[in-house]
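Letters are used for the chains, namely A, B, C, D, E, F, G and H, taken in the order the chains are written, and counting of residues starts over at 1 for each.
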Amino acid sequence: MTKPQLLEVLAQVERGALSPEDAASRLRSLPYEDLGHTRVDHHRSLRSGLPEVIYAAGKSTQQVLEIFRALAVSGVDVLATRVAAEAAAAILAEHPSAQHHELALTVSLRRSETARRGHIAVVCAGTSDLPVAEEAAVTAETFGAEVTRLYDVGVAGVHRLLAVREQLDAADVVIVCAGMEGALPSVVGGLVGVPVIAVPTSVGYGASFGGVTALLGMLNSCSPNVTVVNIDNGFGAAYTATMIARAGER
Amino acid sequence: MTKPQLLEVLAQVERGALSPEDAASRLRSLPYEDLGHTRVDHHRSLRSGLPEVIYAAGKSTQQVLEIFRALAVSGVDVLATRVAAEAAAAILAEHPSAQHHELALTVSLRRSETARRGHIAVVCAGTSDLPVAEEAAVTAETFGAEVTRLYDVGVAGVHRLLAVREQLDAADVVIVCAGMEGALPSVVGGLVGVPVIAVPTSVGYGASFGGVTALLGMLNSCSPNVTVVNIDNGFGAAYTATMIARAGER
Amino acid sequence: MTKPQLLEVLAQVERGALSPEDAASRLRSLPYEDLGHTRVDHHRSLRSGLPEVIYAAGKSTQQVLEIFRALAVSGVDVLATRVAAEAAAAILAEHPSAQHHELALTVSLRRSETARRGHIAVVCAGTSDLPVAEEAAVTAETFGAEVTRLYDVGVAGVHRLLAVREQLDAADVVIVCAGMEGALPSVVGGLVGVPVIAVPTSVGYGASFGGVTALLGMLNSCSPNVTVVNIDNGFGAAYTATMIARAGER
Amino acid sequence: MTKPQLLEVLAQVERGALSPEDAASRLRSLPYEDLGHTRVDHHRSLRSGLPEVIYAAGKSTQQVLEIFRALAVSGVDVLATRVAAEAAAAILAEHPSAQHHELALTVSLRRSETARRGHIAVVCAGTSDLPVAEEAAVTAETFGAEVTRLYDVGVAGVHRLLAVREQLDAADVVIVCAGMEGALPSVVGGLVGVPVIAVPTSVGYGASFGGVTALLGMLNSCSPNVTVVNIDNGFGAAYTATMIARAGER
Amino acid sequence: MTKPQLLEVLAQVERGALSPEDAASRLRSLPYEDLGHTRVDHHRSLRSGLPEVIYAAGKSTQQVLEIFRALAVSGVDVLATRVAAEAAAAILAEHPSAQHHELALTVSLRRSETARRGHIAVVCAGTSDLPVAEEAAVTAETFGAEVTRLYDVGVAGVHRLLAVREQLDAADVVIVCAGMEGALPSVVGGLVGVPVIAVPTSVGYGASFGGVTALLGMLNSCSPNVTVVNIDNGFGAAYTATMIARAGER
Amino acid sequence: MTKPQLLEVLAQVERGALSPEDAASRLRSLPYEDLGHTRVDHHRSLRSGLPEVIYAAGKSTQQVLEIFRALAVSGVDVLATRVAAEAAAAILAEHPSAQHHELALTVSLRRSETARRGHIAVVCAGTSDLPVAEEAAVTAETFGAEVTRLYDVGVAGVHRLLAVREQLDAADVVIVCAGMEGALPSVVGGLVGVPVIAVPTSVGYGASFGGVTALLGMLNSCSPNVTVVNIDNGFGAAYTATMIARAGER
Amino acid sequence: MTKPQLLEVLAQVERGALSPEDAASRLRSLPYEDLGHTRVDHHRSLRSGLPEVIYAAGKSTQQVLEIFRALAVSGVDVLATRVAAEAAAAILAEHPSAQHHELALTVSLRRSETARRGHIAVVCAGTSDLPVAEEAAVTAETFGAEVTRLYDVGVAGVHRLLAVREQLDAADVVIVCAGMEGALPSVVGGLVGVPVIAVPTSVGYGASFGGVTALLGMLNSCSPNVTVVNIDNGFGAAYTATMIARAGER
Amino acid sequence: MTKPQLLEVLAQVERGALSPEDAASRLRSLPYEDLGHTRVDHHRSLRSGLPEVIYAAGKSTQQVLEIFRALAVSGVDVLATRVAAEAAAAILAEHPSAQHHELALTVSLRRSETARRGHIAVVCAGTSDLPVAEEAAVTAETFGAEVTRLYDVGVAGVHRLLAVREQLDAADVVIVCAGMEGALPSVVGGLVGVPVIAVPTSVGYGASFGGVTALLGMLNSCSPNVTVVNIDNGFGAAYTATMIARAGER
């Protein structure tokens, strides 16, 4: 409920159009829609200016489809992440204009092609980090940012990274995905003058502990412009990166 | 070494003013200063546009003093964090215009009072989180941002947080410091439409594990605009927040 | 063995109806039934006034069936949790009046519909927490409590939680199920004046560590009316909640 | 803000005694007092019916004194936990009727001796668990409950526990404090028909990991009436236990 | 090399049939047999007086069969643990007098039925601990000990344990298998005056961490006659228990 | 309460010398002495045939003294472990015949020099493990065993261990204390045919984690005759070892 | 880019054959080949003198095949590790002279049979460690070293290890693979006068934690000539061992 | 026992001055010296060709002095690490020609200045890593290697590292010390063609966990020429590095 709406409710009370009891009840109710299993929050989009997003992991195809439909009918852009093949097929059958990004495991529905705002570089250390990097890249593109992909530039061959330095310098914010020792964000952070969002990936074996080692390495980065999100959370990195990149365009 | 400098070196070679051998040697050398124990990196400030910073923990008073001096003579703003009382006194004796922030454990030396750029809200959950919150606030102020402090607004009394919502809404970016269960960034993240940088603090006992529980909670935040830094790293949060807040002012 | 039974044994000795040797042997024996693999404890129900419960995970269908039968013949209410589909089918074939709750993975057999005693609110943070929340809700209902379900009211949209505040206020005790950062019990605990039992769920990915992050967050709750049970232990939460809610009705 | 207060505000708007703008501002403000470093929450006591509590660890003597004073002037009962000797002395100098419990590290200020409501048994496994057990016992007594102390009844001599069984049976709720393997709550939970709140203590060495082993053991208790609080959190256990014991007296 | 063989070598030296040098060399060339993938150690049986054992987990059916055969031909008793169904069938096909214990996952080949030496009680907390308890019981029986099984006597119903106290008192050593909180060895240890070998089992869920909680609980037992083996290591417990029980019979 | 005592109570009831009510109350009481802070358990000595032991860590000098006195007056042998210098001095002042072992941090009071029963070898890996090894050795001697000390025989110089092999072979049971990688019990276990009790010590740095690495290594020992106690628990190892060594002498 | 190449570029600028702008661009470019998903680094081989290696885990058969081909066409030796059966078959179909080592999960393509340089002993503790040991052995052989395999010589039968001492003494460097307690490198390290590279394996169960216990044991080795690689990383051990063994042949 | 001594024993056998039996016995009694608390191992020096070393941490000044003396009298070079100031002073008082390296916490006694053999580069990431780096450097120098120190070249300013690349290229082996995220060995490993020994340091705070994060990062290095030692183990790295560097000089 926006401030104007709040003032409107109170004005209605002032002019007798609304009883105090009804106003009290309205002031407690907020704009979400109850699907039984899920309370769809149309409010978030309003607050952040970003499209609605469905995290599909752990939801049935039926649930994903219902939430997607509830969002789509409101006319906003919609993004679903961690979408299994079956659920993706079901969405596309119902929403033919939606797009399925197989490597990124996402389905996006964009209504209007607005001008790109802000520039995000998505960097990853190795071939195995691609699904996470793509989740980030597709999310940022769905949210309207321009994205440059710089893949397989791990720190064991630092010359590969230096070779793409100009492309790094052009970005408003850099997303860096890396597994194993997770050292790449520190090196990238030292090369650029903008925020770096580090995404640890679950790539590795043995003492990589499913991404924990990369996560810890990134949290201890000696580059002070590095912040970190959860393991494999390409979506979250892109969500925040879009907010930052947009600020640069305001 | 900036691109114009690189082109200048190569132009000198072209016009015979510099031999290839000398150019090769220069292209490998970069602008840092070797104090024996430390290689002072004048380059970072150049890249990021932010002042030089000294992390004083684990360095002797003598070492801190030498690095502070080496930076100060170059005319830039200087910030030292995690400064013990003795080292702070030594710096102030040599640099009387420097400022000691006792609660934040920082010493800052600002040369010119430029206009504030960007607006950062620093939020903390409880009284014990103040040192970390102040490290963040003082750092952001030294870096030229406008800072609003919103302290002791923990989630167990969510009405305290809702009461400062307008002040939150005014910020370009929000820094949230919390120990114990570290739940505050999730709630704040849901209330605002800008990036939230979460700083877990080592406040708590028992199963708080010196801030690890707060750190894990923040990494798993269900608000997608939350990124995280290391435990008690108020400085890093403010460093990145300043970059973001500035972008909004460009 | 209850105190009256103990006095009766001793009275028999006093009047010569029982030899000291036989009494000694009886005093050591207690009312359980030995199925070979399991010693069915008819005593617990006697102590707690609650129905018998079978934890079916890790038991064969045959074992579950035998224990269910041994309890059912004694005429008490019976609840089986973590029941696989096959075992549930087997129980229902033998006990047609039993009820299978598929989402909750439970089978319950109630003999008499007594009046509801005590009021428990079961709250959960997201759609994926439903199986745990339902295990709690069904258990509490089987044990005779009135249950209000308040689902998908996570902290990233705190207005959804505030919107159900009156329903929370009506409860004698609140069960809160949440995965990921597990912040919901702290916020709920601050809103209500009754005990909150927090159930961490294994919902999440990466650094959620199968519910450990939620568990740690709940143990460090800054709301002092929060106590915690094991990850995904909806049953245990409901068991204790029923005891508390009943006390309020005494 | 209670519901009657909310209706009153709205009624004032209806009758023109309050402008919508002022009402909007009031509806966002809530009853806490800002000491600068701390927002004293007079609201919690209102919600829970329990006295105000100060967690003194990590606060300066001056801060503790100011919060204690701010609460005391409002006329409610006050309890401060984890109070260092110096802070305790300072409080008693200012509030001569306050009571210092040295072993429990608490200071309490009770205004009226009301009748005891509810019965709590506080059990501990060994002599070293006494400080935690006493924090629980003193807290419960300050909150108005009747407390029975049953100390040094560890599981390695289970006969000591069986010997106090009647005293256990008399309680509305049992608090069990134990370090090392933390097995006591399971055994007590099997003996009684009321809720058991388990408090792991940091007593032990080596693989006790400062109470983590006891905590884990309690979370995995095979007695379903056991819920758990943070390591050494005698206060939290007593807070919830008082709520439960009171319910039994309603 | 059996003890008679060793004495024969020394006798040959005494009567001049073997030079000391050759004898020295033989005594150094140690009695193991190289199967390529495995060096079968006939020596261990000589040192310990216990049969040869094959740990079949992670070995192919072919490898298990070859090692079993190599041991069997030497005439000693043979025990194979963690034997998959397929490997068990293969062994029995080749050695019809061997015995397959399905629940314990073992295959044993006993050559002579010698008198039972020593008395071991195998206790377990719940039905799910049976496979581990049976591995221990079958191992001890194969090694010649008399075994009493006392199953499903967990601490949440301590009367069930007290009811079998006389059987506990009759043992030379007690093996206690328990998962979840692993409290049973502490209670048993307090009841008996002989060594207790605790076997944590991987039974449990959530914060039981696959047996780690039980393991930690047992290591922190307040009963000083408790020692611990690895999670699910029923075999190791029985191996040591047999050595202890035999000592009592010497 | 022994079985004869139980029969006597019941016989008194039979002959009318005791009312059932009084008998019931007696049957619930057991032989311990309540010092207020501690319930001294005279029963354990009765069960195990071993002296009473006081774990002095975390107890005040006054408490240690009171418990020591309560045990000493009953005429049994007494052992106190983890005794600080001050408490040791206080005990010796009151009990001049007691003995203080400084390196082992123990005080022992033996009443009668009985013949040594059983032979225990105490082995340690390095010089820094001596305090733990001595706690074990002194405990075993106080309990009446013959002890052979074999110190500084770590696995990095396996020839030092082989050089003491004959002394190892003479023991009924071997206690092995080691920190760092904790490999010694595996090697010793392979050399001897008797039980090995492994004691991880907190000796080491970095990734030794205060003895956790040694503990884990010992739990995973490939020698099946190795059981393990808590980190630095020399006392527990000696307690069980004495039981085992005695069995061999029966 | 080697130094001669750098000087050549600069010389071209000097003689006007290259513009400064073009030179600047070249100085930033480095010799790798971009396959889209992977930047093949022909540079590494140049730096280390060792063949190119493909880590096939987590790559599709198609990706593995493309990288293998890209390396093979450049004429160097190629090694692929962690190759699934399907990918191995695909490689062999295209490169008939390549060799598939099934147990080691590797495929190697050697172009010229050069003389063996350096001598590496590969030691393992048990039969289950063979896959890791073979990955190391095959890697070292592909890289041109002479390899001696010494398998199944675990520390619980230290005589088996002493029996192969002469073969150990002949090596320039020893690779030791062990799971469970990981004690073997310490014992081997004490026997030889050359570097030992320890490879923890994921062999074991329960508290072996997938190789973590072995890893920690090796890191805490009391033999100072032991360094450690990641769990199951036979390849990395062989890579470094080859470098060391070669040095001895220079 | 030195090699000449060994040959002398064998010669005596040859000329009949020593019976084979006596020789066998002498060859088995191995050359260590028993100081009571320590078995000084003169054998290791013989095996490795490196000086004797005393790890002084956790030993009393008196013990350190006795071991130092026992080694010094045998004429070999001696190195003591982790030497507290007091112990260092005591050694120097007795051995005036010994050298105390304060930052490295070592005392070394070199008897003959032999020619330097092999070249080791010691690299560290930041000023706080200096004590560990110096322990490595001083150890390597005492062992006879030539050492190049390259300090404060962390990855956040990768140009500082590239600037010292020629010095890196000159080394036979590189030791890299780094705390925090521990990324430096990966980058260095990619730049050089020789073995890199990574030493995690305990430098950092929060989620650096006393060096564990750096340790894990190094174990997961994507550069295959990196092996790892324990946290802060500069000595062990130098010990192995010397062996490797020497090999290159053979």
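Note that a contact is a pair of C-beta atoms (placed from the backbone, for glycine too) under 8 Å apart; a residue touches a chain by one contact, two chains touch by 3 or more.
Treat the numbers as computed from the prediction; the structure is a model and nothing was measured.
Two copies of one sequence, chain C and chain D, touch each other mainly through matching residues, since over half of the numbers at the interface are common to both.
In terms of the distance between Cα centroids, chain A is separated most widely from F. Centre-to-centre separation between chain E and chain G, using Cα means, comes to 39 Å.
Per-chain Cα centroids separate chain D from chain H by 55 Å. In chain G, the residues that reach two or more other chains under the touch definition are 44, 157, 190-191, 206-208, 212, 215, 219-220, 230.
For chain C in complex with chain F, the touching residues are 3, 6-7, 10-11, 13-14, 16, 19-21, 23-24, 27. Every residue of chain A that touches chain B in the complex is listed here, in rising order: 44, 47-49, 53, 172, 190-195, 197, 215, 219-220, 224-230, 235-237, 239-240, 243-244, 247-248, 250.
For chain D in complex with chain B, the residues that touch the partner chain are 1, 28-30, 32, 37-39, 41, 43-44, 57-59, 63, 200, 202, 210-212, 215, 230-233. Contacts from chain C toward chain B in the complex involve residues 125-126, 154-158, 162, 180-183, 186-187, 189-191, 204, 206-209, 212-214, 216-223. Note for the complex: chain C touches chain A at residues 127-128, 130, 151-153, 156-157, 159-160, 162-163, 165-166, 203, 205-208.
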